[in-house]
Each structure stands twice: as C-alpha cells, then as structure tokens.
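In what follows, chain A forms one complex with chain B and a second complex with chain C.
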Partner chain A sequence: MTKRRMFLRMITASLLRRRSRMLIALLSIGIGATILAGLVTIYVDVPRQMGAQFRSYGANMLLLPKEDAELNSETLAEALKAIPEDALVGAAPYRYVRLDMTSRQQSFTAAGTDFEQITKTSPYFSIEGEYPERTRQVLVGKEIADTIGVKLGSTMELTYQPTAKSGDQTPEESRVPNATLSGSAEGFGGGVVYVTARLDREGKIASLSVDASTQTPEYGGQVPEDETYLNQFIGKALPLTQGQDVDAFTGATVTSAAVVDALNKATASAAPVQPKTLNFTVTGILTTGGEEESYVFLSLSDIEIMTGSDQLDVAELSVSAGAEQLEAYVNQITESSASVQARLVKRVARSEASVLEKLTALVFLVTLVVLLLTMICVSTTMMAVVSERRREIGLRKALGASDGSIRAEFLGEGLFLGLLGGVMGAILGFVFAQVVSVNVFGSSITFQPLLLPAAIIVSMAIAAASCLLPIKRAVAIDPAIVLKGE
Partner chain B sequence: MSLLELKNVSKIYGELKALDNVNIHVDQGEWVAIMGPSGSGKSTMMNIIGCMDKPTKGEVLLDGVDISKESSKRLTDIRRDKIGLIFQQFHMVNYLTAVENVMVSQYYHSMPDEKEALEALERVGLRERARHLPSQLSGGEQQRVCVARALINHPELILADEPTGNLDEANENIVLDLFAQLHKEGTTLIVVTHDPEVAEAAQRTIVLEHGKVAREVINENFGK
Partner chain C sequence: MLFRMIRGVLFHQKGKMLLIALTIALGASLATGMLNVVLGVEEKVNKELKNYGANITVKPKDSSLLSDIYDVGEGGSLNAAYLREDELGKLKTIFWAFNIVDFTPFLDASVTLPDLSSVKMTGTWFNHHLDLPTGESLDAGVVGMRSWWDVTEGRWLDEKDGNAGSEIMVGALLAEKMGWHASDTVHIAASHGEQDVTIAGIYDAGGDEDEQMFATLDLVQSMTDRENKVASIEVSALTTPDNELARRAARNPAALSSRDYETWYCTAYVSAICYQIQEVITGSVASAVRKVAESEGTILDKTKLLMILITALSLIGSALGISNLVTASVMERSQEIGLLKAIGARDHSITGVVMTEILITALVGFGAGYFLGFGFAQLIGHSVFGSSIDMNPKVAPIVAGLIALVTIAGSLPAIRQILRLRPAEVLHGGH
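Let's turn to the complex of A and B:
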C-alpha cells in the first residue's frame, strides 16, 4: 500500500466513520455552496431575466422617418436588419390619422398597426375582448368606448376625410391619378384665364373646364363653349404643347395658349382622394391608463385602403439589450438607413440599466456575505473538530507525524469536504436558483455547465481557507498530552 | 553498551525542579522499570526520553546522539525512527480499525504495509480482530493493538507509560508476557509504572523521588 492510498484511507475513514461531526461541516459547506451557486446562477441570469421583465414595460426604441424621407414597411424591414432576431422582442409600426364617425359627429385619432407586434411591444395593454385578427375590425380605447357607447361586437362607420393638399405642390407633383387640378394664365389683353381639369386613374385628363370670361366674348370668350376644342384635351397627359398635342382655337390663339399654359401650371386644389368610409366591428376595448385609451386601433391595411398610402409615422421597438448595446443599435440604424432614424426611449432604457446595476450589486453583496458566513461556519466547525481530536492529533505526532503531515491530513479532509459540498452546492444551488427564478421572475433558467466545476473549486477554496486557523491550532498541539495518564 | 544515557539532567519549571540532576543509563536490550509516586518526575523523564520535551540542563544520549539540544522537528524524526510508544490510555485513532491503527505508525515511519501490520497483530493474538474499530475492542485488546503498533517499525527502544494501568490482571499478564517476548528478541524496554508487580517483571527498577533517583533495584528474580 502506498502512502497516498493510506492518506486517502485515513481521510475517508475520518469522514465516513465520524459522520455526525463531519455532516455538520459538510452541511455548512454544502449550504454555503448551494446559496452561492444559486446566487451566482441568478446573478448570471439576472440581466436576461430582468431584460425580459423590462421588455414588458413597453418599447425602448423608436424608429422615425428622416426628414424628407418616408417610413414604410419596406424601409422599416430594412432598418430592423441591424438588430439581431433574438434581441428584437417586437417592432410595432404605427400610422396615425384622424378618422370621423359621422353618425356621432365625433372624430378620433386612429392608429393603424400590427396587432401581433403590439402584443410583444406593449404586453401591458389590457384588452377586454380580443385583438382584431382580420381587417375591418377595430380595437377601441376605453375613453372613446365610454364616450360613444360602443360595446364589443358593435359596428362603427369610420370615414377618412382627406385634407386638401396645400398649394405648395408643384404642377408635376399634383399630376397624380384622380387629382383635380386648377390653374390660371394670362390671356389676351392681360385678362386671366382659369382652367380646372380632373385626371383619370391613369393621370390623364378626364374632363376640362375653362373660365375665359375676361377674354373677348366673340373670340376667346367662345373657348369654354367649344366642345371640339375641349375634347381634344381628353385622354392626354400633361404637360402639353400647343400646335403639337393640341390645336389652337381658331381666332383666339392667345386665349388658347393661355389655356395650355394654365393647364401646365395647374396644381391640385381639391382632394385627390374621395372621403373613404369603411365599416368596422369592435373586437376589443383597450385599457392602458394612458393616452392610448383615446385612440382607435385598426389594421395597417385598412388605413392603407382609406388613405391610399402605406406610409408609417413611427415604429415602436422592444429590444432586449443593455444600455450600451441599445445605443449601438440606434447609431447603426441611423447611420446605415437613408430614410429611417432610431431613437432611444431614454426613460425606459435608463431605468432598466440602473435597476439592473442595483440588482447585480445587491446579489454580489449577498454573495460576499454568504461567502463570509460559510467560511466562519466551516472554520468554527473545523475548530471544534480540531479540539475534539486533540488527543488523536497528539497521538499522531507522538507516533512521528511531522507538522506537514498534520497539515496535509486536515487540509485533505477540508478539501474533501469542499469537493462534496461543492457537488452538493452545484446541484442544490441550481434547484434553488430555479425555484427563485420561477417564483420571482416567473421563468425557468438554464443550467450553466461551468457552475459545477466553479462551485467545486470555490467551495474547496473556502474549505481550505476555513481550515487554515484550525490547522494552525492542530499543529501547535503538544504530543506529550498523550502521555499524561488522565 | 548503553542505548540511553542521562547525564546530570535537570528540568526546571520556574521554581519547581521536576528533575534534579538525574543520571541514569539503560543498556541495549535491557528491560528497565521507572517507578515513583506522582510528582516524582516520572512524566517529565518520560517526555524527555520520548523526545517530546527537552531538559533545562544536562545531556541525553540516545544511541550515542545527544538529543537534548535538538529542534523539535529533529526530535520528531528521532522519535519516529527509534522509539515505539505505549500509553496508559491506549490512544487509538477511534475511526480507524485495529490494523489501520498499526498502519498509521508505518505511514509516518516509512510505508504502510498491511501484511506486516496483520503479522504484528497476529503476534499480539489479535489477527482476527484486525478489522474491528477501537470501540469494538476491549481495553486489553486495545492495549495489545498499541503494543503491535509500537513494535511495527522495529524501534530501538519501546517506551511504555503505565501500560497496564487501565487493565485487569489477566490483560496485564498478557501485556507483560508480550514485553518478555520482546525483551527476549533483544528490544530495549523502558516501562514507567507505579505498580510494583509491573516493575518486578523488569530486570532493573529505577526509583524516582522528588525529581531525583532515589535508588536502583536489580530484580534478582528476573527470568525465573
């Protein structure tokens, strides 16, 4: 038998045959290791856990169109590529328009959105009923529902009243399908000639009326009445050139030049789109405690049908990332996208970071305290073990054990306890962390494979450190105590 | 040839002279008893001979080497190599079996050898009790294990402190028989006792009183 085997045999015998005392030491190390391993697991998992928690408080990033650029589903999708899929909790697009409920003479802000994304970015939305699942369904804010008295299943007739486009538009911009254009130009003798043209679905002239009351009645004044002259404009696209696209009115060359000129300069003066009315079914009533209660929410495609545009005003993003990473995403999106700029919802992002910081600091502190308590506990137990075994230590020394052997034996026992305690701690610690996680955060955690070796190493280190003082005592024991025949 | 020689050895604790200018010698192979009432300096002498204490004055020659000035580390080495100890209270490691207790002595000395340890137990008549824990052994059996442990490393000197103090007569006789056997094989034995019967088993008795050698008695009846 080698010395090493005898060493192990003595240590295991000491642990196995002196169970009760060693069980206390093992328990103190094991419980310490359990709490430590548990806390460390939570510590490692907290950012993820809390991140998920925070994400339930709403969006922490906004995407907005850049100046003179448009945010729509395509530019949005492009911009979202900057954020990894697993970090992006949700991205809810919003288009805000005013809709009228003519029957009640009310008008509300309507938000066109993607309800599936809303459940992710705004999980705190509390819905009575259901989110709309199809088009022509509407989610009504509580405030509106109370005002107009709609209930689940009610129908609402909502009208989009296009606002007249401003006169700032250039003639080229005005020539959109279905537009009504009006313009004027100087005619014969300084008199102004007015034209109004309606465009068809292809953007070509569908009808034309001319006001030439300032012109010579016998000549230019005849222009608005002459159907042959006016009909030649129908089906033609602007701009026009007299003599090429259309002929001049016989005897009123200047007046007819003014008509062509006025048409070419004409801009939209009336609504390009007719008011659009759709019928909606109320599927849900929304309570948030915030301004959302005074909105109605519909699907983006309904808004698109009503407004004739797929433009978006904003997209709310919920991104699971730390403050620095969020900042990086914001910069990346704003720099790389031509049409989209990103912004942080600072209030949410900042409070996340500070709460996380405080929480991790707290866990760290508790970990330190537990570490210390464990050491004190193990040290005390080992101290008791040493005084209990004074006689045995004296005997060993009397039999010729060097101080080194005594140290090695106690350290060996300590390390062995540390090993057992570490294994126990890693396993129970994971269970502990799991229980805490499920009860506090409501989600389970993944086992960290590194936890086992880490827990073993740490608890062996604690055990060894805790043994230092007891070992010092053991070494100081006088072998002569065995001789006194007490 | 003398194995152990104490020359003018004194051990002074403050005012108290535990040993006062003691001169003794023990020859190789001799069986000596040291007697005396409590407080006579027996324990102090035992500690010094057992390399567990150093005298205040004087020389202690063990196997020709003066151990009175050695460091405690050296003393540990010398004790391990030359001395086998037997105690009144037996002193076994209570969580190790009989054979393991014998092997502990081998472990500190050189190499644990279970076969040899079992042979030593056989010699003290405890071969079949080898796997028992001390709590499963009687006092006599425990002391016999201690004898086996003391002789396992073939020490020059076996130093026994009241070896039969806690034993009944039957077990006392067994232990004394073992000593006689060891003596026959040439082992030097020093037995500290206050039991005259035990002292009478030895060749020579040194009587201590008040830290001094009061007298030495040669046992005329030795071996008879």
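Let's turn to the complex of A and C:
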C-alpha cells in the first residue's frame, strides 16, 4: 500500500468512523460558509435592489427640448439610447395643454401622456378606478373631480382652443418677418374668401394661397389657379391697394377685392385651425397630494388629434443608477443630442444617493460583524473537536508517527471538511439570499460565480487554521502523559 | 458535593469552559447587536428619508384649487383664504408632536424688478426660532426642509441676523438671467411697498425654485399687506407605513369603530397626523404628499424586512454554532461521565451536574456578550447614522431565553446519548 493511499484511508476512516464529531465540525463550517455566501450575495445586490425601490419616489431625470428645438417621440427615443435598457425604469412623455369644458365654463391643464410609462415613473399615483387603456378615456385629478363633480364612468366634453384666438393681434402687429398670416373677407354673393400668406425676412409677401371655393367657378373661382395674378403679390409689402399695388383679376373684381381686403385684415393668429372637441369617459380619479390632482390626464394620441402636433413639453425619466452615473447620462444626452437637454431632479437624485449610501453602509457593517463572529464561532467548535483527540495523537506518536505526518493528516482532514462545508455553504447561502430577495424585493438575485471559490477558500482556511493550534499543543506533549489521560 | 464538583469543573477545566463561554459570548453579542439594530433601524432610516422633504402639506380649505388651476395671483381672487402664522407653533402640541421633525410656512408674492419684469418671491422661515407654550424651543424652516439645495454663492439667509428682514435668496437661473451676485442690492416692488434688499445667497435647487426668490415671511407679509397670513405649510413628520386600517381611516375617520379610531389616532400614520393637524390649525386641509409618504413606507418596510431576515440568519447561525460546541464539549467528557456512572451516580444527578456547569458558563458568556453586542450596535449606529441606537429593554430577555434554549438543546441530547452507553464501553474508549 502506498503512502498516499494510506494517508487518504486514514482521513476518510476518521471522517466516517467518528461520524458524530465530524458531523458537528462539518455542520459548523457549513453554517459559517452559508452565512458568508448568503450575506455577501445580499450585500452585493442590495444597492441595485434598494435602488429599484427608491424609484417609487418618481422621476429623477427630465428631458426638455433645447431652445429652438422640438421634443417629440422620435427625438425622445433617440435621446433614450444613451441610457442602457436595464437601467431605465420608465420614461413618461408629457404634453401640457389647456382644455376647456364648455358645458361647465371651466378650463383645466391637461397632460397628454403614456399611461403604461406612468405606472413605472410615478408608482405613487393612487387611482380610484383604472388607468385609461384606450383613446377617448381620461384620468381626472381629485381636486377637479371634486369641483365639477365628475364620477367614474361619466363623460366629459373637452375642447382645445388654439392658443392665440383671432383678434389677439392687430394686422399691423402681425406683419413681422417670417410670419404666416391668414385672413378672410366677404367676396362675391356673400361667400367668404380665405387667404394665407407667408412673409419673407423683410416682411414682404413670399408666397400666397387663396381659397375661393365659395365664388362663381368660372370667374372668381379661377383666382387661386391663376399664377400671373398671384405672382404680382410676391415681394410687395402690406397693406395693399387694388388698382395701385396690384391689378384686379379680369372678370372677378369683387373676388379680387376680397383677396386684397382679406390680406390687409390678415393676422398671424387667425389660423384656420378649428377648436377641436372630443368626448371622453372618466376611467379613474387620481390622488397624489400634489399638484397633479388639479390636472386631467389623457393619451398622447388624443392630444395629437386635438392640437394637430406631436410635440412634447417634457419627458420624465426614472433611471436606476448611482449619483455619478446619473450625471454621466445627463451630460451624455445633453452633449450628443441636437434637440434634447437632460436635467437631474435634484431633490430626488440627491436624497436617493445619500439614503442609499447609508443603507449600503448599514448592510456592509452588519455583514462584517456577523461574518467575524460566525468565523470565530466556527473555529472554536473546530478547536474543541480537534483537542478531544489528544489521546489518539499520543497513541500515534507512541507508535512512531512523526509530528509532521500527524500534522499533515489533521490538516488534510480539516481542509477536506472545509471543502465540503464550503460547497454546502455556498449553495445554501445562495438559496438563503434568493429567499431574502424574493421576500423583500420581489425579484430574484443573480448568482455571484466568484462566491463559490471564495466561500470554499475561506472555509478551508478557517478549518485549517483552527486545527493547527490544538494539534500543535497535542503534538508538543509527551505521548505517555497524553495517553495516561492527564 | 454538587457544588464542589461544579466548582472543580469550572476551575480545573478553565480552558475548555472559557472556550464555551467565549463562543456563547460571541453568539449573544451577535444576537444583541442585531436585535438592537433591527429594532432601532426604522427610526434611523425614517430620519434619513426626511431628506426628501415634506410628506404633509397644509393648505387653507377650498382655496388651493383656485390659485393652482387658474393661476390667480395674490389679491387676484376676492376671498383668498389663508392660514394664520401665529397658529404654527400649535403643530408641536398635537398628540404626535414629537414626530414632527420640521415645518415651514410659505406665502407667495409677485414682485416687480427694476427692469419691470415680475418674478415670484416666496416668503418663508429659514431658521425661525420658536418658543413653544410647552417650554420647548426649536428652529424650523427651509434650511432643514430643502436639504438638497446647494448654496452656490454667498450663504443661507440667517434669521438670527439683524438684517434678515432686508435680505433675499435668489435661484440660480434667475440670478444668471439678471446677472446678480451674492451681496448685490436689488430694488423690488410689490403690491403694498417697495424696498432695497440684499442678496444673501444664490441657491441651486434643481427645479422650478431656481427661477424664483425667497425672502423672510415677515418681509413678504409687510410688502403685500398680509400680516400674520400664510398660504401653505409644509410639514416633515416621522410616520408609520400605512396599513389597511390607515387606508380605511384616510377615507373617512368617522366611519371607524371607536376602538379602531383609537388605534388609528394613537399610531403615527400619516393620515392620523394630518387629521390632528387639521384639528389645531383653523380652516386647514392637511394632505399627505403621496410621492413622499408612500415611498417612505415602501423603503422602511423593505429595510426592516431585510434586516429581520439577516438577523434571523445570524441568530440561526449563532444558535447552531453554540449548540454545536456544547455538544462537542459534552461528548469530550464521555469518560468522566462514564466514570461517574461506574462509581454509582444516578443518571439524573449526572445530568444535573453537567447541565449546571454548562448553564453557569452560558450565563457568564451571555453577560459578557450582551454588553459586547450593545457595543456593536452603537458602532453600527454611529458609523452609519451618526447617532446612537437606543438600548431596547426587550432585547435582554429575548437573547437570554435564546441562549438558555440553545445551550440546553445542545447539551441534553448529548448527555442522554452518553448515559445510554455502558460505563465499561465508555471508559474503555471504544466508540
């Protein structure tokens, strides 16, 4: 029998025969390794998991259009590419407009948004009823609901009035460079003639279009088609006088007089955009304790239909990242995008960083203390188990075993126990961490592959270290005394 | 005789008993430390969360809607409602006064600058000193309620300074737009007065407030002739996370049974505190800022649960560790037990002797461990939250019971197992 096989046999025999003692040693190393693996896994994952919880405070970043640029769904999607998908909790676009409820003579601030994103960026919204799922449904703030007395399921007729109403500006005030003017005047037979003109940089007419569909088709109706007639307006400054600045259209004097009249009366704001009215069903009433209670929320597509534009005022982003990473995203978006600038919501971002830092420190310290104490516990147990075998050591020595071989054998035993306990602990520890994560945060934890070798090495080191001291003592004593049992 | 035997073991086998005492001390200190931390953590984290600002806003009844929705400026609506400044001290007299950490009143005014543009100036308390009827005194104001403001230039406006009445703080965006710097003097005019004010500091709030300016409440009241009037109050309170009862109560406290009402009223739910604020501030509506209140609840619950689970793990770990060691030490003494049996000792007296020895050791270990553990809790408290963790009276009995249970559970089965063996076998050393 070779020496090595004998060594292995002695170790396994001792492990198998002295089952109860070895079980105790194994158990204690296993517990140590479980606690090590479990706590370290939790500690590594806590900032991420807690960070996700902090997202319930709502958006920590805003995307706004840069000056003279437009924010819409395309530029927004473009800007969002700077943030990795798993860090972006949600991005809710907002378009704010003023809507009138004509029947009640009330007007409200309405926010067009994406409700699916709202549930992610503003989880604190408390809804009685449900979020709108389709178009033509509306979520009403509690203050508005209380004032006008709407309930779930009632209908609201909301009207969008184009911001500047006709008559806001005089024709003289409107004639600024690059303006688009529109106006109307009564033409032949009481029919109304509409004109739209764009001014150039010097405030002179750059282009002109006429709607004369109410006029006699053979005469006045021909006006919009006749380029020679229309071209004479180009490059002229308003107001105009027919017969002096421009000639009348042959055969339709009244219609051409109306065109000149409409142009002279035209204002920048008299846009032919009609007030748009839609009917909405109330699906939910919103309570937040904040200013949102005085808004109504509807889907972006409804707002688009009513206003005829797809621009956005702001996008609220909820990003799960540390303070420095957030700053990096903000700079990246603001620098790379031509139309979008990012800003941090300092109140949320700053507070989150400070609280999260404290929580992480708490878990770190707790982990450290628990680990330290557990490891000492493990080594005292190992020491007790080993010192019990002083007689055995004495006997071996008496039979002629060298100190070195005894030490090697015990160390081998300890390392083997450490290996076994480490593997067991790493697995149990992960299971424990998983249970904690699912219970506390409701999401699963990622396995840290490095932790398996770490747990094994630490438990082997502790097992070996706690074997060495009692063996050293036992070996140092005269075998006769040990055997005698003193 | 029993006494002598026990003394013999305790003094002659010092080394082994010390090892057991050490392990038990470590286990006990772990349990004490963790339990103290877990019981104190809610309060500590709650205080940290106050960084997020107010979780309760108090507004006059019925007025809020008008100015919020229709942008009615001050004086624009005929019967604008206000709260009374002299009632603010009453916030510290409600049942949950101790939980009210900070509060500050606000009163907005529109002021005209020399270039005829108008900006919003908010009157508030900065570090307003209050002497309460209860004999206490405190400093309340935005210095505590806007912890996220960065004063980029100059300093915080100090109300204890004699010049506070002619100083303002200006938002970073407004200052940039107007080209203002700290200690510049600006002439401002409001509806009922105009005067020169000095810029004490410029702040970066990272929000709408960057386009406004802040002045003392007194200044805004006198410039707009609204003495003793306050438009809204922000309150920061330590609260208990809402449960089903709190949600029911928030809808209508009157619908609760008298017993539920009492439970609710005497628990620091945000709705209960709101209710009590409405009782003391005339004509007010106090409402929870859900964004803050709700999130605080979530985070508190999660932190507590996390700590409880970690504590449970470490308790199980130390319990197993202790009972393991005790079992090992009992088994080690099989020869001695066998000898006792051989010379005629009865089973129950042997058990008695061994158990007494171990329990005395455990008691010593527990005593040392309890204070060590309390030290650990303080270490964690000071290094993480910068304040000490209160010694919870519940912890000592829990840990003592745990240690007793674990020691008995670890030693009794082992003793019984050895007693079952024949003395000859044990003494011979066969296993």
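Keep in mind that, in the parts below, the second predicted complex is superposed on the first by the 358 of 486 C-alpha atoms of A that agree within 3 Å, B and C clash if a C-alpha of one lies under 4 Å from a C-alpha of the other, contacts with A are read in each partner's own complex, and residues count from 1 in each chain.
One rule holds in what follows: contacts are C-beta pairs under 8 Å (C-beta built on N, C-alpha and C of every residue); 3 or more make two chains touch, one makes a residue touch a chain.
Treat the numbers as computed from the prediction; the structure is a model and nothing was measured.
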- prompt: Looking at the overlay, does A:M6 come into contact with chain B only (first), chain C only (second), both, or neither?
  reply: first
Field: Residues of chain A touched, compared between chain B and chain C (which is higher)
entry: C
Message: In the overlaid three-chain picture, which partner chain does A:L451 touch, first (chain B) or second (chain C), both, or neither?
response: neither
- request: Could you say whether A:R391 touches chain B, chain C, both of them, or neither, answering first, second, both or neither?
  value: both
- prompt: Between chain B (first) and chain C (second), which, if any, makes contact with A:V89: first, second, both or neither?
  reply: neither
Query: Which partner does A:V348 reach: the first (chain B), the second (chain C), both, or neither?
result: second
- prompt: In the superposed arrangement, which partner chain does A:E291 touch: chain B (first), chain C (second), both, or neither?
  reply: second
Common interface positions of chain A, toward chain B and toward chain C: 17-18, 391, 485
- prompt: Across the complex, what residues on chain A touch chain C?
  reply: 17-18, 20-21, 24, 27-28, 31-32, 34-35, 38-39, 42, 46, 50, 53-54, 56-58, 108-109, 122-126, 143-144, 147, 287-291, 294, 343-351, 354-355, 358-359, 361-363, 365-367, 369-370, 373-374, 376-378, 380-381, 383-385, 387-388, 391, 432, 435-436, 439-441, 485
Task: Note which residues of chain A are touching chain B in the complex, please.
output: 1-3, 5-7, 9-10, 13-14, 17-18, 391-392, 395-403, 405, 478-480, 482-486
- line: The chain C residues in contact with chain A across the complex are 16, 19, 22-23, 26-27, 29-30, 33-34, 37, 41, 45, 48-49, 51-53, 57, 64-65, 68-69, 147-148, 150, 204-207, 287-295, 298-299, 302-303, 305-307, 309-310, 313-314, 316-318, 320-322, 324-325, 327-329, 331-332, 335, 376, 379-380, 383-385, 429, 431
- prompt: Contact residues on chain B for chain A in the complex?
  reply: 43, 46-47, 50, 52-53, 73, 76-77, 79-81, 85, 87-89, 91-96, 100, 103-109, 111-114, 133, 149, 161-162, 165
